[in-house]
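Look for subunit A in each of the two complexes below; its partner is subunit B in the first and subunit C in the second.
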Partner chain A sequence: MSLLSLRDVTVTARLGGIDVELLRRVSFELAAGGVLGLVGESGAGKSMVGRLIAGLLPDGFRVSAGRVMFDGADLLGQPAAAVRRLLGRRIAFIPQEPSAALDPVRTIGWQFGQHLARLGVARGMRPARAAAALAEVGLRDPAGVLGRYAHQLSGGECQRVLIALAFCSAPALVVADEPTTALDVTTQATIVALLRRMQAAHGTAVLFITHDLRLAHDVCDDVMVLYAGDPVERGPADRLFTAPAHPYTRALLAANPRLTGPRTMLRALPDTMPGPLAFAAAPGCRFASRCEIADPACAASPPVWRLVAEGHDVGCAPACQAGLRRVAAAAMPAPANAGVPVLRVAGLGKVYPGGWGRPATVALEPVSLEVAPGEIVGIVGESGSGKSTLARLLVGLETPSSGTVTLDGTDVTAANRANDARRRAALQMVFQNPQSALNPRHTVNQLVTQAMEVARAPMAARHARAAELLRAIGLSPELGGRYPFQLSGGQRQRVNIARALCATPRILLADEIVSGLDVSVQAQLLNLLLRLRDEMGVAILVISHDLSVVRYLCDRVLVLHRGRMVESGAAAEMFARPRSDYTRALLAACPPDPLPVAEGMPT
Partner chain B sequence: MNPLSRPVRPHLSRAQLPAQGWAGGLLVLLLGIVAAAAPWISPAPPNEMDLLAVLLPPDWSGPGPHHWLGTDNLGRDVLARLVWGARIAFVVAGGAAAGAAVVGTALGLVAGLLGGWTDWAISRLVDLWMSFPPVVLSLLLLVALGAGLGNVVLAIVLVDWTRFCRVLRSEVMVIRRQDYVSAARLIGFGPLRMIRREVFPGIVPTLLTLVALEMGIAVRVEAVLSFVGMSVPADVPAWGQMIADARGDMSAAPWAILAPIGAIVLTVIGFNLLGDGLRRRLDPRLLGRT
Partner chain C sequence: MILRAILPRLLAALMMVVLVSVLVFVMLRQLPMDPVGMSLPPGATEADRLALTREFGLDRPVAEQYLRWGAGLLRGEFGVSVNLRRAVGPLIASVVPATAELVAAGLLLGTVFGIGGGLVLFAVRRTPWEGVGDVLTSILVSVPEFVWAIGGILLFGVWAHALPFIGRVDPQNVVAARTGFMLLDTLLAGRPAAFADALAHLALPATALGITLAPLVTRILRSSLLGVIVEDFVQMARLRGLTERQVLTRHALRNAALPTLSLIGVQAGFMFGGTLLVEVIFGWPGLGNLMVTAVRSGDIPVIQAAALVYCLGVLLINLVVDLAYLRLNPRLRLR
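And now, the complex of A and B:
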């Protein structure tokens, strides 16, 4: 018998005057001791499942059909007090933001004490129990950690504390909602390993909610893929990722850049997932509007579930059974021929002076690099590696303590008016977060032509250029009159890129521009960068923590670790034969590719 | 229309004011019209004395010339003085709020944008300034400057600029850390264009809200100052003065004192509701939740 089972669960909310089914007929079984992954892009409803189990649906959301059974009892039918007794004891949660989930004004020990008190542990026993729990999750100094506050711990340590908290009641089920999203790659790997160790040791079932296919494949026994509130496919993780049956699952895999095998163009889905307000207009398959093989019947009739193989079924209209087209993956465009470097950085470093007894902080030890026209160079590193410092030094937002920056043969290191102008003309930056990088009070047209505003260009010229830029980045010029909050995340990031392109720079500095975006949108943007490079010959410096993104885009790579450059060289070479220990550790920390490499990507 | 030349304040032009904001706005508008149209709608000259008709109660009987709200102890028509008094109230409210807004915004921008020692100096100045009780400070200023309408406005500006400076400084600091400010700098915006195009539009909602609230405060302060005779000359009708004049006969002729009090209360409520409504509508934290 399964520990947790959802049977045709539908969650309905009243939005804009109409009833919207935010989750539609979600069914799954999670056996005791099993790990089930819920995979989907943002807005797919995967976190809603977690909230449903916790009884934390937002106001106005209700379960309009279906049953949630936990350990043989109906979770929805029980009185609230009975459910509360289950939560934190038999059902535990591991949250997404570890540092935000701990009370900042109480010590870890105090918070542990509260939890243990609730579990009925005698006062005298609590410190020992807490220390034992912390030791079990691999924290080095358990007694010391108990006396500390959340801000004195790193993100990874906080997550370990929360895992210890979750497991100390020996729960039957742990719901982990994106438990590693806020963490660095190497920390993610250790946390995932810990979670799996704890799960195996305690025989706990885990509901693992994530947007990361690679991670889901690595961690889970079974996986269910959600799209816009609809479950579309479920099955054993290995099968689902090697023989995906639903067009959406296949598209997700095709949009995920790989760490091994030949580099081929990603196939990005067009558009974005429909929002909840569009659900009512789609009584049938919600994926139909983006589906390559959809026929008109798909949009009208709800998906039908059918078995593909043992334990693997797919919710897709009967039309899908007609068969799947296979499209050979397109080869990557060849990198432009390297010419005279457009950017030359020699010994660039940054030291923040100390004072009053504080030692000086070395943010970046001297780094040298060269970028040729049309070349894409990746800068890889985790948080605190100095990659953002390097970016800020390059664009002139910070003054370097040593070294020179040479653009097109001219030394522009010294901060003065003439150098600023030269820097601006040759080098532009795309900021990480379009939410804060686009002034909410300007229209798209105003934003993308800001560079012309400085030059006092006439309105007509600006308008024409705005339309040109929007077309170049794949947006309709009609969007020019919109404000940023009226755009989707992917569209905003395109506008962000267009603005940097307005004055036709020779180098684009892209700082983590796809982090926080969904896989399908990420693939669109990565392909956009490649196309811009080919069409405009612009060189791109890609700053990223995501090795698969760097491998997909870059010709050459620079690896930073704690403010020091540990490796640099051709990307292919680095991924095949990493030379530094840190690079090897970084590569090992990435969950492996889900697909056997030899097989062509089905589409 | 060329989309590039659209107004920069989408959230204001598309503003849906909450009901209380509308109520406040209407009240303020009504009082503003009364003040502007005083020469035409006033039932009698405000200073015309009729010593044979002192302390007449309000008279609502039939058509013909009446003292709708009665007369005061010099036989002057209360309604006429009330209507003319609205002019003084609005002149002071507008002038003082505008002045305090200009001084406070300028210093707030400087402190928020430059940071460092400048910010420290301006912030300490504000702290020092705010440690004086406002009424005492304005009385002191008026003793030093001398009475008169212009000096009343000046005194309120000098007392209340700190409110603008303090709030806007923190707002500017939040905006300054946004990536779009860095982005504009990298694109080549100079400091003035940066303020005009990127920073200032962001503080406009707060500024408008503060101005509305400040106007209410200015009306109150002017009433206090004219009550103690530090404001307009005796021949100019002002609400505070009316209260002071009617104080002696308060029990015999309560209408003469209740009328100006009511006017002050209504005006302040109007401005406060408007300010509160604007704040709720334009709160930057709610931006984009359309």
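And now, the complex of A and C:
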């Protein structure tokens, strides 16, 4: 018998005056000690499943149908207090943002003490129990950690504390909601390893919620894929990722850049996942509008579940099963990088002086690099590696302590008005978070032509230029009158890119521009960057912590570690034969690719 | 650690005191006031005037006067009141406890009712009662304190005869001033009836003083709580099985207290200034009344000293609030 089972669970909320089924007939079984992955893009309803189990759905959300059985009892039929008694005891949670999930004004020891008190541990025993729990999750100096506050710990340490908190009641079920998303690559690997070790040691069942397919494949026994509140496919992780049956699962995998094998163009799904109000009216398959093999019947008839293989079933409208189109993988465009370098960086470094008895901080040891026109160069590193410092030095937000920056043959190192103008003309930055990088009170037309503000260009000229730019980045010029909050995350990031292109720079600096975006939107943006490079000949410096993104985009790569360049060279060479220990560690920390998907394989 | 936190703040406060003293000193001497002339009897001669001017040192250059005054301060001498012919130091010392008592009571009332109101408004969030609370706090904020004072006198004093509204205590209840704080003195004298009387006298002025603080505290606490309650660590506490009440008392309140505390710190400074009006209205024998009398009679030494004491009071409250903030917010502490 399974520990947790959901049977046809539907969650309904009243949004904008209509009832919307935010989760539709979700069913799965999680056996004791098993690991089930819930995979999907943001807004698919993954986290809602966790909140539903905890009985903590937001106000106005209700379970309108189905049963949630935990340990032989129906959770939905019980009073809230009874479900709450299970939380932190039989059911524990591990959160997405570890640093934010600990109370900032209470010590770790205090928070542990509260939890242990609730578990009935005698006061005198609590410090020892807490220290033992922290030792079990591999924290050095557990006693010291107990006296500290969340802000004194790193993200990885905070997550270890939270894992220790979760496991100290020996729960039967742990719900881990994106537990490594906010962490660096190598930290992510150690946390995942820890989670698996704890899971195995305690025989705990884990519900693993993630948007990361690679990670789900690596961690989970079984996986269920959600799309817009609909489960679309479920099965053993190995099968699901090697022989996916649902067009959406296939599309997700095809949109996910790989770390091994030949580099081919990603096939990006058009558009984005519909929001709740859009799919409320769709009685049939919610994926139909983006599905390449959908027929008119799909949008009208609800998906039908059928078994593909032992333990592997797929929910798809009957018509969809007619056959899957066979699409040959498109080859990557060849880079046309030749000629005089547009950017030449020689010995560029940054040292923050100490003072008051503190030693100086070396943010970046001298780095040299050249970027040819139309070349895409990746800068890889974890937090604290100096990659953001390098970016800030290049755009002139910081003054270097040493070295020179040469753009198009002109030395622009010295900070003065003329150099700033040259910099702005030749090099533009795309910021990581469009939400905060775009002024919320400007229209898209104003935003993308901000570069023309200084010259006091007439509004008509700006609108004309805005229309050109929007077309270039694949948005309809009709969006020009909208404000950022009226755009989707992917559209916002496109606007962010268009803005950088306004002054036709020779080189773009893209700082983590796809982190936090969903796989399908990420693929659209990555392909957009490649197209812009081919059409405009613009060189691109890609700053990213995601190695698969770097491998997909870049011709050459620079690896930074603790402010020092540890490796640089051709991307293909680096991924095939990494030379530095750190690069090898980075690559090893990435969950491996699922086996190649045979395109159009009949199922 | 505490010392390292206090020391720079003390230094800054010291500089502030010096600055304020210079400012007050120089400004008062630019005013067209003639304290000597005002304090002389009608039949005084020109020679009397000169003699008195010399006695007070008012014939010296301003810089020299300041230095002499400053040197006096360091010895604990605040000069002599031109009008009352009494040493300013003891004069001020005799009235400061009255004002301090008033401010403390006002702060206490404002904070307690403010926090209570904030919790109530938070509890009724997203219900129709929220609008009622908003209107009430708006009224409380927008009516100035002297109007509350006069309204209170009319309602509870004149019509209902429920509360006294002149002075600190009824004449038959006067006790020996040991600390100067009436509530303490009546207790030390072992006279509960006098204590109750002092408390009754304090009720109206303290309420008038605190009534503008309470709605501000209410609003900031409510909005801080609304901000904190959606934070990850609060959700995480719920997921560990804490009830809403436990989440509130163990995690949300302490985090929401931080912005509330800074607000109280700022408002406490204003409240010190607000005592002036309230003291005059309620005939409260404190620093404010002394100051008003001194200004009327151009009693420069008293004005100077009173201004300095006001400054010190505000700085002291700020220091206390700063330290409390430091205590509550580990992120600001030195590592």
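To be clear about the criterion, the second predicted complex is superposed on the first by the 594 of 603 C-alpha atoms of A that agree within 3 Å, B and C clash if a C-alpha of one lies under 4 Å from a C-alpha of the other, contacts with A are read in each partner's own complex, and residues count from 1 in each chain.
Just so it is clear, contacts are C-beta pairs under 8 Å (C-beta built on N, C-alpha and C of every residue); 3 or more make two chains touch, one makes a residue touch a chain.
Quick caveat, the model's predicted, so the values are computed rather than measured.
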First, second, both or neither for A:Glu453, with subunit B first and subunit C second: first
First (subunit B), second (subunit C), both or neither touched by A:Arg118: second
First, second, both or neither for A:Gly396, with subunit B first and subunit C second: first
Which superposed partner A:Phe167 touches (first subunit B, second subunit C, both, neither): neither
Partner chain in contact with A:Ser436 - subunit B first, subunit C second, else both or neither: first
Between subunit B and subunit C, more extensive residue contact with subunit A: B
Partner chain in contact with A:Leu87 - subunit B first, subunit C second, else both or neither: second
Touching both subunit B and subunit C, residues of subunit A: none
Residue numbers on subunit A that touch subunit C, as the complex places them: 54, 56, 59, 84-89, 92-93, 95-97, 100-107, 114-115, 118, 149, 151-152, 162, 165
Residue numbers on subunit C that touch subunit A, as the complex places them: 126, 231-233, 235-243, 250-251, 254-255, 258, 328-331, 335
Contacting residues of subunit A [partner subunit B, same complex]: 395-397, 420-421, 424, 428-429, 431-433, 436-443, 445-446, 449-451, 453-454, 459-460, 462-463, 466, 480-481, 483-485, 499, 502-503
Subunit A partner contacts - residues on subunit B that touch it in the complex: 2-6, 8-11, 178-180, 182-190, 193, 197-198, 201-202, 287-288, 290
